[in-house]
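Below: one structure in structure tokens.
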Amino acid sequence: MQTHKAKRVDIIIEAVMEKRLTNALHKAEVTGYTVLPVLAGSGRSGQWTREGEIGRAGGMVNVSCIVRPERVDPLLDAAFAVVERHIGVVSVVDCEVLRAERF
Amino acid sequence: MQTHKAKRVDIIIEAVMEKRLTNALHKAEVTGYTVLPVLAGSGRSGQWTREGEIGRAGGMVNVSCIVRPERVDPLLDAAFAVVERHIGVVSVVDCEVLRAERF
Amino acid sequence: MQTHKAKRVDIIIEAVMEKRLTNALHKAEVTGYTVLPVLAGSGRSGQWTREGEIGRAGGMVNVSCIVRPERVDPLLDAAFAVVERHIGVVSVVDCEVLRAERF
Amino acid sequence: MDGTLAIAANNLTSPIILFFILGVAAAFARSDLSIPEAIAKGLSIYLLFAIGFKGGVSVADHGIDTTLVLSLLAGMVLSFLLPVLAFALLRGMTRLSTIDAAAVAGHYGSISIVTFVAATSVATSAGLNPEGYMVAVAAVMEAPAILSALWIVARFGKQSADMEEGLIREILLNGSIVLLVGAFVIGWITGDEGMQMIAPFIQAPFQGVLCLFLLDMGLIAGRGLREARSVLTPGLFAFGVIMPVLGAGFGLGTGMLLGLSPGGVLLFMTLAASASYIAVPAAMRVALPEANPSIYLTLSLGITFPFNLTLGIPIYLAVANALAGG
Amino acid sequence: MDGTLAIAANNLTSPIILFFILGVAAAFARSDLSIPEAIAKGLSIYLLFAIGFKGGVSVADHGIDTTLVLSLLAGMVLSFLLPVLAFALLRGMTRLSTIDAAAVAGHYGSISIVTFVAATSVATSAGLNPEGYMVAVAAVMEAPAILSALWIVARFGKQSADMEEGLIREILLNGSIVLLVGAFVIGWITGDEGMQMIAPFIQAPFQGVLCLFLLDMGLIAGRGLREARSVLTPGLFAFGVIMPVLGAGFGLGTGMLLGLSPGGVLLFMTLAASASYIAVPAAMRVALPEANPSIYLTLSLGITFPFNLTLGIPIYLAVANALAGG
Amino acid sequence: MDGTLAIAANNLTSPIILFFILGVAAAFARSDLSIPEAIAKGLSIYLLFAIGFKGGVSVADHGIDTTLVLSLLAGMVLSFLLPVLAFALLRGMTRLSTIDAAAVAGHYGSISIVTFVAATSVATSAGLNPEGYMVAVAAVMEAPAILSALWIVARFGKQSADMEEGLIREILLNGSIVLLVGAFVIGWITGDEGMQMIAPFIQAPFQGVLCLFLLDMGLIAGRGLREARSVLTPGLFAFGVIMPVLGAGFGLGTGMLLGLSPGGVLLFMTLAASASYIAVPAAMRVALPEANPSIYLTLSLGITFPFNLTLGIPIYLAVANALAGG
């Protein structure tokens, strides 16, 4: 099956920042992404878990974007501007996709 | 630690199609997969979010399959037959796995 | 944007083992990870789904760790000691990260 | 018709409607107010459980009416036929493609269970006592419209619908139908004795739960409307208001032919007037993936549902009372 | 014994049982009816909260019986010993491996809290008034059986169980036990005054919530049975019915030796007869990962639970009434 | 002051407090007891829905007091000013950085709705009948403190707060405020008639739901305390107890100036004494990401909340009764 080179960028970010991140992505013309829920995590700012949470202050989400390789840099710039002062992780993986016309 | 080459295929698909996809995978003898929930997303068909949803009409899921490299093509064929007319994204990443006898 | 080579290790493991795994990771000085919920799955031990579950006996979670390449081996050793007798899957992907000082 | 106005005004200021409006307003103001998905599903399970059970107990109390079977059949026929009417209307009033028009049409043959519940509330406060088996009529009306819509596509469309065997089973055994019918049958079997056991759970808190549920519906409808403004042409908007009234007319005729009580007629009108927003959208995603979901969801949830809730039901009540009453 | 039949028949047509059956039927028919995981957990938290609290209030009302401590001890001993009986039976009746047999045995020494709740309902409708501290007995019987099962593996198996220090703490402090015991103690402390505050929450709606919970249990049990048909040999099936009856016998003896009221005896029988489906499976996944979960879950949830619910409890009630009653 | 002790003792053994303590104890013992996130959110939606509605109905009953508008204004002013006091105190008593101190200060100007609910319960059991619009005062006090905190940072800090336009809208339209105010307005519009419809849902089960909710709060507070012991210096601890008492003093003055009833004064004291743990933390994560969340969450949820719940409210009640009563 015919596949095409692409990049998958995963951004783990606080749930309160999700809207700001996706707005920034839209502005950078990255209109395709998927948000996965996150249950718990650990990092330099300690451990946390979603159990019993009431507010939105604590949780995080994982925003995944698949883009054509040449679109990675604008994406990372946009994402970085949002996460810069915040906790969270940004990673990039090489991948291949079906139906390249969609990206 | 000894690892083995494999491929990880991620298929983002409407929740209503999940059963059809996993049936197709089983038919193609792909019996190992993991379904991750999806919270929200955006693509050519617009934005959506799972909050407050009542039915199953709107949500999506992410089906991940790790397979030996030579099994990727039958997997993609099976997946493509299901997603063809539907919205959603299929991506493939190179990976390495422990315990290769399991795949 | 400046990125740095890293590895992303995904461990799909029973929810009852999550605490044991993350403890083992901490012991191996892997203090950054993210736990994603898993909705359903299929493997050599059959199919399962989270719907309607009451206890913790059945579900699984996905623990993702991003580490510098040289830290992969201790991570895999630690993870393997926990998953050895258990069902589940360990996979490793090459990735690039922003803000390398965080890993 | 003075009474109607009073009822309509009264209806508009009932907490149920006001919480729906609160939801719509919050969504339009982009508030982050939201009901977690699991809670929304839990509320909907509660409502199905409660109304199914109550319907069954009422049948146990009043005995089976001879018209029960006829009502079920009539409901099924209506559900098959209304989509044809809706399709014709849509082709006349809008520029929707065949696929989109057929998908929308399917929604209007099927039913909305919350609209049914709201009408039951109104009926009860108006002193009416609808036939308990109307719950079963609601259940049988869910699915036939879907087959109708697919038949329309096969007949008038270029593309064929994806009618695999699994789909029909899936539609007939969808969770809402199974729970509604199951609770109905259990209510019927256990009757008043069963009701006594669980009444404090399904009766006293019912209206309060319904308020919360309508708050959630308002949030979803509002968000849908906000995002789908672009698809909502005047023609579509008009369809979303005219079709329920026409449907209610057919429901009226059917209910009167069957000789139902005014309450039963009101419910038949409401079922015919209401449009599905759970079962049919899910089936359409599977069978007609090319149809645009924002069209059918916006129409069903954003236009027809609020119309029925606020203006429709009081009108249907007035008509049912005038023609089928006393 | 005429009364027993009447009670059994009555029990079989109670909404509680019928909703369980609805769940099983829906699962067999592959309906997509399901209760969201969070709601199912919420229902189970409600049940533990309510029965713990009620038990405590009842102890506050009736004072501490001198037999309270003895009952707790007896419960613990039973929980330790029943797995040995179960293991012996399994080795005789089935071809399970040592590991699988030990894992199953652990489930039967422990208890199912829903079965306990159902028996309490039946006791109350039969006019019995079981000792309130039976809730505490239920709590102490949860864990010992797990140690028993691990001891059996160490003694008879080739492989050793994974008995790390964390496990015992985890078992003793598992959420259900903490909530049950905590609510019991709070009920005891606050007594009738506390009960008055929260009675409308934990008493009136209780039976209705239980119906929904059993619907969910039916869905899970049905799905389990459908998928695990292959593991269910006649020998296993027989064990799943005989073991609870034997367990009930031991419960009967213990309850009578302790001089409990007929209601208390019924509950002791039910605890001994029931098999865990939450705490023990979780512990087994950690400590005996090689044991096949579909065997122990299918037996516990698919065979023994429905057996106790439908036939077991009425039988135990008849026996408790005949031997311990007036 | 004998009565105060009795009330305090009574308060300490109310189920509500005991379930909170159970939660804290379970968290410290590292039990895996937990309330699913969706259920916790559902409980909190229920509480906001119920108290908003009740407040509105009470305003409908008693008519608008001339002091309503003044109370709203006074609440807003308090919410703006208290952070300044808190900030000064923190700079004096602790070594927190400007950013951390400002973030903490913001929490203490805002309010905790559960503390408000608990105080309402205590007021009602003490035979007081607080002004219904205090719910609206609670709502207006949520947000101003956030702006205050950001102003403090801009004024005294080196770094600037991230005050983008979206933030204020987000704070003002956050879900809790919208639901609380919305339910209040609906209660006001529908009055007693509306109350009759949904009373069995929002009144009878209220205390029970509150117990479950406080169990969850205890679990979260306990987990937070366990993990954040290191940040909790004696100075911070002292602040967490002194600040609510000072706040209550300001609330007392305001309430008496406004001429509120003793119940209203108690609630004003409680609002001023309580610290936010939902709206403000979320806003701080966005606007002051450099502030350490474990400091403000531990103080607010781990120290001040339990202090108010157990000792604070009975003290405020005694004072309100003594000064504003009879």
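All chains are identified by letter, namely A, B, C, D, E and F, in their written order; residue positions are counted from 1 within each chain.
As a working rule, a residue touches a chain if its C-beta (ideal position, glycine included) is under 8 Å from a C-beta of that chain, and two chains touch if they have at least 3 such contacts.
As the structure is a prediction and not an experimental result, all values here were calculated from the model.
Q: I need the common contact partners of chain A and chain B, sorted by label.
A: Looking at chain B and chain A together, the chains touching each of them are C.
Q: Among the chains here, which has the CA centroid at the largest distance from chain F's centroid?
A: Centre of mass proxy via C-alpha means gives B as farthest from chain F.
Q: Among the chains, which one keeps its Cα centre farthest from the Cα centre of chain E?
A: A
Q: Any idea how many Å lie between the Cα centroids of chain B and chain F?
A: Here the centre of chain F sits 45 Å away from the centre of chain B.
Q: Which integer distance in Å separates the CA centroid of chain A from that of chain F?
A: 34
Q: Using the average of all C-alpha atoms in each chain as its centre, how far is it in Å between chain C and chain F?
A: Centre-to-centre distance between chain C and chain F: 39 Å.
Q: By the touch rule stated above, which residues of chain A touch at least two different other chains?
A: Within chain A, the residues that touch at least two other chains are 36-37, 56, 93-94.
Q: Got the chain F residues that touch at least 2 other chains?
A: Counting only residues that touch two or more other chains, chain F contributes 32, 34-39, 41-42, 204-205.
Q: Taking all chains into account, which pairs touch?
A: Between chains, contact exists in these pairs: A-B, A-C, A-F, B-C, B-D, C-E, D-E, D-F, E-F.
Q: So in the complex, which bits of chain E are touching chain D?
A: That would be residues 13-15, 18-19, 22, 25-26, 29-39, 42, 204-209, 211-212, 215 of chain E.
Q: For the complex, which residues does chain D have touching chain E?
A: Listed in rising order, the residues of chain D that touch chain E are 36-39, 41-42, 45-46, 49, 53, 169-170, 173-175, 178-179, 182-183, 186, 189-190, 194, 197-198, 200-202, 204-205.
Q: Where on chain B is chain D touching in the complex?
A: Residues of chain B touching chain D: 14, 16-17, 19-20, 45-47, 50-58, 85-87.
Q: Quick check on the complex: what are the chain B residues that touch chain C?
A: 1, 3, 6, 8, 18, 22, 26, 31-37, 61, 66, 93-99, 102
Q: Going by the contact rule set out above, which residues of chain F touch chain A in the complex?
A: Residues 34-37, 40-41, 44, 162, 166, 216-217, 219-220, 223, 227, 277-279, 281-282, 284-286, 289-290, 293-294, 297 of chain F touch chain A in their complex.
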